[in-house]
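In what comes next, chain A is part of two complexes: it sits with chain B in the first one and with chain C in the second one.
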Partner chain A sequence: MERFDAVVIGGGAAGLGSAYRMAENGMNVLLIERGENVGEKSVYGGRIYSWVFEKYVKGFQDAPVERWVKKERLTFLDERESVSIEYSSDETCSFVAILTKFNRWLAEKVEDAGGLVVSGIKVEDVRLNPLRVVADGEEIGCDAVVIAEGVNPMLAMKLGIRSDWKPEEVAVGVKEVFKLSESEVNSRFDVESDEGVANLFVGYPVFTHGGGFIYTNRDTISVGMVVRVDSAMKNKIEVYDLAEKFRAHRDVAGFLKGGSMIEYSAHLVPEAGIKGVPDALHKDNVMIVGDTAGFVLNRGFTIRGVDFAFYSGVLAADSIKEAMDGGDAGLAGQIYERKVRDSAIIGELEKFRKALDVLENTRFFNDYTRMMVEIMRGIFDVKEESNRLYDVVMEKSRGRKIRMALDFLSAFRGL
Partner chain B sequence: MKIAVCVKEVYNLEQVKIIKETREPILDVPKKLDDLSRNALEEAIKIREKLGGEVVAISAGSPDLKKTIKEALAMGADRAVIVTDCSNSTPESTALILSKILEKDSYDLIIMGDASSDDYSGQMASRIAEILGLPQITFVSEIKEVSEEKITCVRDMDDYLEVVEADLPCVLSVTNEINEPRIPALKDILKASKKPVETLSANDLGVEIPQPYEIIENLAPEIDRRQEVIEGDAGDVARKLAEIIRREA
Partner chain C sequence: MESIENRLGLVSFTVDSEPHIRPKEEKCDSCNLKVCLYVCPAKLYRLEEGKIYFNHEGCLECGTCRVACPEDLEWEYPKGGFGVHYQFG
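Coming up: the complex of A and B.
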């Protein structure tokens, strides 16, 4: 039987983070990926917060970054109009990347550091006492297992570490990539070649839990739509139809004009925040990381997943090392549990626990989005006569001022 | 029996996307071992299983080879020799490079795919046989007999089959009918990571790579799709469809 210090299951950001850290620490690590190539099953919107890679990955400056986000735009859409808020800065904390390419690069870093990466192999089972991973009819022995299998927690469920997602805990996202040219992207989004835009959309065509997004890659743009599964079921909406409507909206279509769709993908996204994180993140020396553990934070205008995924992988790796160095490898699971609970991952998810209640409130996605657009129309619509801001706001908020005040107060506190 | 298998890395064509409007391919995709290289390897491994000996995978290409060559080792090659600084080299310089490597050892058999799925120039076997002064059997669809001294092969000549015998050492190029290449299991892949890979540069071998040929245009073929939608109930649709097929067949 082959033996490794640790086996990592899954070649997304979480698994790669774990394998990279262990390889860097001189441990004998094997990463097994189900897809033909490492990282190709990963799907996300398009943006990665860079801090964790700057902190942990040597040579990060050579990473395949498409553009650094210098413009953040939040757009409220109704059927024909829109209101956008834009924040623009030379400082940046995130970049747009093509995740499959970024993962491929990370996998090379793992191999350069001495880790073994194997793809096209499905792990069938993880067995305890003694700890083994079963794949391809072979058993591989190890001191610790890191499950980074993504949002579909087959193995984690089998081991009883976590339960499956409920419809209100996950969203379904679709994403399309359109090919333009680098100069077209620059001119359509008014950016330089190394600058990028992250644009989130609220309102049309979902008007409930979910929204749209556009991210600028170097010479392509990623456009998509996310909607929470329970809302999609309740309102009988197909996310594909939504994506199509979204693409056709006048404020989106302009960015895509003449572009050729070169990629289409769909995926589930954990959306339950801290409520999606199971009570225990390990069983014996088997640990769960990334999406499997529910480490995604959506607070309306920012969505974090890849940085938490990678970071949780690093924490698992450090826990295994600490346990081995301490002479009892079997303690890794417990150490990981403590490290994650003390880390910024759980800290942030806890901090934004209330954000879940705010985002639960569909009035933000529908009534207030429409109102925002109507108020803007009211003050900019100048004919023979024009409207006072005060009158417009009073008219549009008639009969719902108290509820609105409460909602906005909760949003102000929660997000 | 010492067998060299010349293998080639190619773009994973299944993943290449075509921009519809301009018909340009997007080649930013992972590479893999060419299908016919797998057939060649499979045949070499079968011979080793029968007669014993060693199978050496040899390849010239880009730095990506360090990764792609692992597929050959996982399939069962015992070791590999790769040259990683000759992407886009011409068939002529590739043949020179491979021959330099082959000269260093005395191989009984040199096997390769009949052509690669990317450029499909199909020159390698003949060029190498000529440079090394060895007999060659091309388009091999079956090896009937092989011993330490001799080999008997069936050549697929499209319209007829030819049975050819040659003394070893000899160069073979195989077609995809020759076998069904094995898919490596996890234990083979793990074993492969410990097998030796010798990495060389064209310079080490004293081969100068001339300016590769210039690619003037690389476009997907134009496909004329009618995209006609026939509407109506099932009977109507079937009748109209039959009519079109009858008219245009």
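Coming up: the complex of A and C.
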């Protein structure tokens, strides 16, 4: 039986983070990816917060960054109109990347550091006592296993580390990528070649839990929608046409004009914040990281997943090393548990526990989004006569001022 | 609007002859929700004469049907090397 210090299951951001860190620390690590090519099963919206890569990855300046986000835009959409808030700055903390390409680059870093990466092989089982991984009919022995299998926790469920997601705990995202030219992207979004835009949308066409997005890649644009699975079920939303409906809106279509679609993709996103994280993140020396553990934070205007995924992989790697250095490799799972609970991952998810209640409130996705548009229409509509801001706001909020005040206060506190 | 069939035509797949998702006929027959018909982002579930038909070719491997299905849907990832190959994920 072949033997490794650790086996990492899954070649997404979490698994690659874990394998990279272990390889860098001189450990004998094997990463197994089910896709024919490493990283090809990953799908996300488009933006990565850079801090964790700057902190842990040597040579990060050579990463396949599409554009650094210099403009953040939040848009409220009704059927025909929109209101946008834009924040523009020279400072940046995030970049747009094609995740499959970014993963491939990370896999090269793992191999450069001496880690072994194999793809096209699906892990069938993880067995305890003694710990081993079953893949391709063979058993591979190891001291620790890091499960980075993504949002569908097939192995983690089998091992009883976590339960399955309920429809209200995950959202389905659909994405279309459009080819343009670099100069077209620059002029349409009013940015320089290395600058990018992250635009999130609330309201149309779902007017419920979820929203749209546009991210500027170098010479392509990613556009799509996310909707919580329970809301899609309840409202009978035809998810297969969601991205098409969204991009048909006049304030989305303009960005894509003349571009040709080059790929369509779909993926689930953990949406339950801290409530989606299981009580225990390990069983013996098997640890769960990334989406498998539910490490995604949605605050409505920012969504973090890839940085937490990579970071949790690093923490798992460090726990395995610490346990091995201490002479009892079997303690890695417990050390990981403590490290994650003490880290910014759980810290942030806890801090924004109340954001879950805010984002549960459909009035933000429907009533208040429409109201925002109507107020703007009211004040900008100038004919012979025009409206006072006060009168417009009073009229639009008639009969629901207390409800609104409470809702906005909850958003102010929670987000 | 671009049809879902055309959009799936842009995606690269290696299709296994064996399906990795298997709806159970008797459970589908008695299911009155049939959410699979609209939540699947690839529109791979179809209703013909009251029966649910599923085609695994074109599966984007998101897992939405697995989470949404009120019954115990048999769902696995495709075998190693098979399934969708995303290039702009």
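Operating definition for what follows: the second predicted complex is superposed on the first by the 415 of 415 C-alpha atoms of A that agree within 3 Å, B and C clash if a C-alpha of one lies under 4 Å from a C-alpha of the other, contacts with A are read in each partner's own complex, and residues count from 1 in each chain.
Keep this in mind: a contact is a pair of C-beta atoms (placed from the backbone, for glycine too) under 8 Å apart; a residue touches a chain by one contact, two chains touch by 3 or more.
A quick note: this is a predicted structure, and the numbers were derived from the prediction, not measured.
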First, second, both or neither for A:Lys58, with chain B first and chain C second: neither
Chain B versus chain C as contact partner of A:Leu116, first or second or both or neither: first
Touching partner for A:Glu2 - first (chain B), second (chain C), both, neither: first
First (chain B), second (chain C), both or neither touched by A:Asp136: both
First, second, both or neither for A:Asn37, with chain B first and chain C second: both
Touching partner for A:Ala266 - first (chain B), second (chain C), both, neither: second
Touched chain A residues, chain B compared with chain C: C
First, second, both or neither for A:Arg127, with chain B first and chain C second: neither
Touched partner set for A:Lys257, first chain B, second chain C, both or neither: neither
Chain B versus chain C as contact partner of A:Glu244, first or second or both or neither: second
Doubly contacted chain A residues - partners chain C and chain B: 37, 121, 135-136, 261-263
Residues of chain A touching chain C in the complex: 34-37, 39-44, 98-100, 119-122, 135-136, 151-152, 154, 164-167, 170, 172, 174, 176-177, 220, 222, 229, 232-233, 236-242, 244-245, 248, 261-268
Complex contact set, residues of chain C against chain A: 1-2, 4, 7-8, 10-11, 14, 33, 35, 38-43, 60-64, 66-68, 75-89
Chain B-touching residues of chain A, taken from the complex the two chains share: 2, 30, 32, 37, 101, 104, 108, 111, 116, 118, 121, 135-138, 140, 179, 258, 260-263
Touching residues on chain B, where the partner in the complex is chain A: 17, 19-22, 26, 28, 30, 67, 185-187, 189-190, 193
